[in-house]
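You will see chain A twice below: alongside chain B first, and alongside chain C after that.
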Partner chain A sequence: MALRAEVLSLFRSLLRTAAKFSDYNIREYAKRRVIDGFLDNRGLTDPSSIAAAFADGKSQLEVAKRQAVVYSLYAPRIKSVMEVESP
Partner chain B sequence: MAAAAASRLLRRALTPAVARRRFSTAAVAAETPPSPLPSATGEEDAGMVSMKGVRISGRPLYLDMQATTPVDPRVLDAMLPFYLSRFGNPHSRTHLYGWESESAVEAARASVAALVAADPKEIFFTSGATESNNISVKGLMRFHRARKRHVVTTQTEHKCVLDSCRHLQQEGFEVTYLPVRPDGLVDLDHLADAIRPDTGLVSVMAVNNEIGVVQPLEEIGRLCREKGAVFHTDAAQALGKIPIDVEKMGIGLMSLSGHKIYGPKGVGALYVRRRPRVRIEPQMNGGGQERGIRSGTVPTPLVVGMGAACEIAMKEMDYDSRRISALQERLLNGIRAKLDGVVVNGSLEHRYPGNLNLSFAFVEGESLLMGLKEVAVSSGSACTSASLEPSYVLRALGVDEDMAHTSIRFGIGRFTTEAEIDKAIELTVRQVEKLREMSPLYEMVKEGIDIKSIQWAQH
Partner chain C sequence: MAAMAAVRSALLSHLRVRVESPAAPAVALSFVHIIRRRFSNEVMGSFLDKSEVADRIITVVKNFQKVDPSKVTPNAHFQKDLGLDSLDTVEIVMALEEEFGFEIPDNEADKIDSINVAVDFIASHPQAK
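Moving on to the complex of A and B:
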């Protein structure tokens, strides 16, 4: 049974990991998708669906952690035009 | 004493950071990242990229999703083990490497099938939608060459379908290239008239890659079923973006592509209906893999990637399509608010929202593209190549040559942000205004002169 504290901790971990992506588009998508995902599932009451969503979130966290590393290993030297702030 | 302290200091200075922080709870391993990749682009000095005579301050923002899409990190995560330790050939039946590879391929097949409401036995993996199109068109007609001699297709199909049809014509088949309405949709009455008793195949693509219009697949499927022709659709741009149901749409053959749905390049699939059975002649002969339809080792990592991409697409279709529709509206309204003379090529209602093809009046296409180097977009015409031919799709829509030359295709996708759309609007508007200011034709229009009525003097 996923307690509120666990869900919040998962949320924070996902956002922290999302912020680590070196690619602008993936990073923005990950942050946005995590927030929207948790917002959409806010109203879940049935314990089995809560557990399923929580398990899904945990497995996504593992994927995100691995991929954040992979993306940073191959990050291009030049960043996206969106990150280079023009004067 | 001092020597011991000195040696301790030296050892600490020389030990890499990772070893020192052995008991740290920092999860990420890349403390000392290995040296960056050798640069593929020209020179990368002082944060500028210089290639083909163009200098930009950063990697362009990507708005060309119809050309290809970035690989989703979840897809990459699914693929990597099959490049590392699980590298077996799925057709090796005698050891674990083969067994695990085969089971991964079959799981991917089921994912692809689920996305289109098909049976996994009806999905065959190929090298891409181009190959699937070739197999569909040539394979079906060659199998039925005795009794079916006619193919019906549209003028806006992808080059590989048109080229395959041209090839069939050289073999003696007849092909009807149906014109489309100015909004890009095929006229169902014309289609009904064009289908003959000896028509073997009707090929109409689901979502056009250049203008983004969505054809009425259910009606076309019903028509084909009534008349006894097989309905083939190139769904490369449609997969995972609009709901596809092979039963409801009466589809007999369908081409799918991996790299348009955030999967890897080099893989695609072909759907071949089993009930009623659609028979085709294989175009790749060999060891009989994929039930003899397509011989050749099935590339496990790529296929697993495509399967993962389809799974993700099934879960994310609603979320993505809502977001992309909002972004398209933002882009179109943003541009229209600041510019006049902007024409959308293709129907606005029957359209996949992630594809926006716009023509800007009184602007020359090549100069527009040259000024938009910080946005990665594609143009409707081939004016960046040697010939100045406008795109055949726009020509089929009846777009004037000058408008066809200034067409730009904006491709919005899952990873596009609002900030990117706003920046694209800003850059496009700025460039168009700059060009229009220099344009004498635009000046004349502003004064109220009708361009079409001018008699240009011959010198």
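Moving on to the complex of A and C:
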């Protein structure tokens, strides 16, 4: 069963990886998705479903890490209007 | 024909001098620059003023969606005073990393549970900017 510290560490790793996407929309979606995923599973008590959710999170982390690298090769050439600092 | 060759070689040597001369000082300059950079505050890091750190941290915490800005005080505890959970605390520490431009290792990040601790940690960290 996953320990509390391990879960928080997974959460942090996912957020760090989400921040690496070069496209604004993907970056923001990944961040939202990570936070929503952890909030949805906050109430889990059954050890086997906690373990399943933890394993799913870990595999998603690998997917996100890989995709952040792949997408960086095809990064948008111009910034999203959302990233432009207002004067 | 001989005159042409003389003119040509004179021109070539002239060109060679002209090409080489501006390049040399540029290399020397960048070398000095590299040495100076290595010892400058920018690279070695410097400590930020504690009250400035506190102000910036309070601004970051107040901007966090789930926080009631009126409850944020310099002594606020994230979970006891601001009603945040452990996931929110991780998010706030990530936001602080972004604000101060450096990565906080997991074992240090786990200890940051209130604004006071965050101020002490960041003010004593040379890479915070």
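In this section, the second predicted complex is superposed on the first by the 85 of 87 C-alpha atoms of A that agree within 3 Å, B and C clash if a C-alpha of one lies under 4 Å from a C-alpha of the other, contacts with A are read in each partner's own complex, and residues count from 1 in each chain.
By our rule, a residue touches a chain if its C-beta (ideal position, glycine included) is under 8 Å from a C-beta of that chain, and two chains touch if they have at least 3 such contacts.
Treat the numbers as computed from the prediction; the structure is a model and nothing was measured.
Partner contacting the larger number of chain A residues, of chain B and chain C: B. In the superposition on chain A, A:35 makes contact with chain C only, while chain B stays out of contact range. Contacts of A:84 after superposition: chain B is touched, whereas chain C is not reached. Applying the stated contact rule after C-alpha superposition, one finds that A:11 touches chain C and leaves chain B untouched. When both complexes are overlaid on chain A, the residue A:51 reaches neither chain B nor chain C. Across the superposed pair, chain B and chain C touch chain A at no common residue. For chain B in complex with chain A, the touching residues are 27-30, 33-34, 36-37, 39, 41, 44, 47-49, 56-62, 70, 73-74, 76-77, 80, 319, 374, 414-417, 419-420, 423. Contact residues of chain C toward chain A in the complex are 85-87, 90-91, 93-94, 98, 106, 109-110. The residues of chain A lying in touch with chain B in their complex are 20-21, 24-26, 28-30, 33, 36, 60, 63-84, 86.
Here chain A touches chain C in the complex through residues 4-5, 8-9, 11-12, 15-16, 19, 35, 38-39, 42, going by the rule given at the top.
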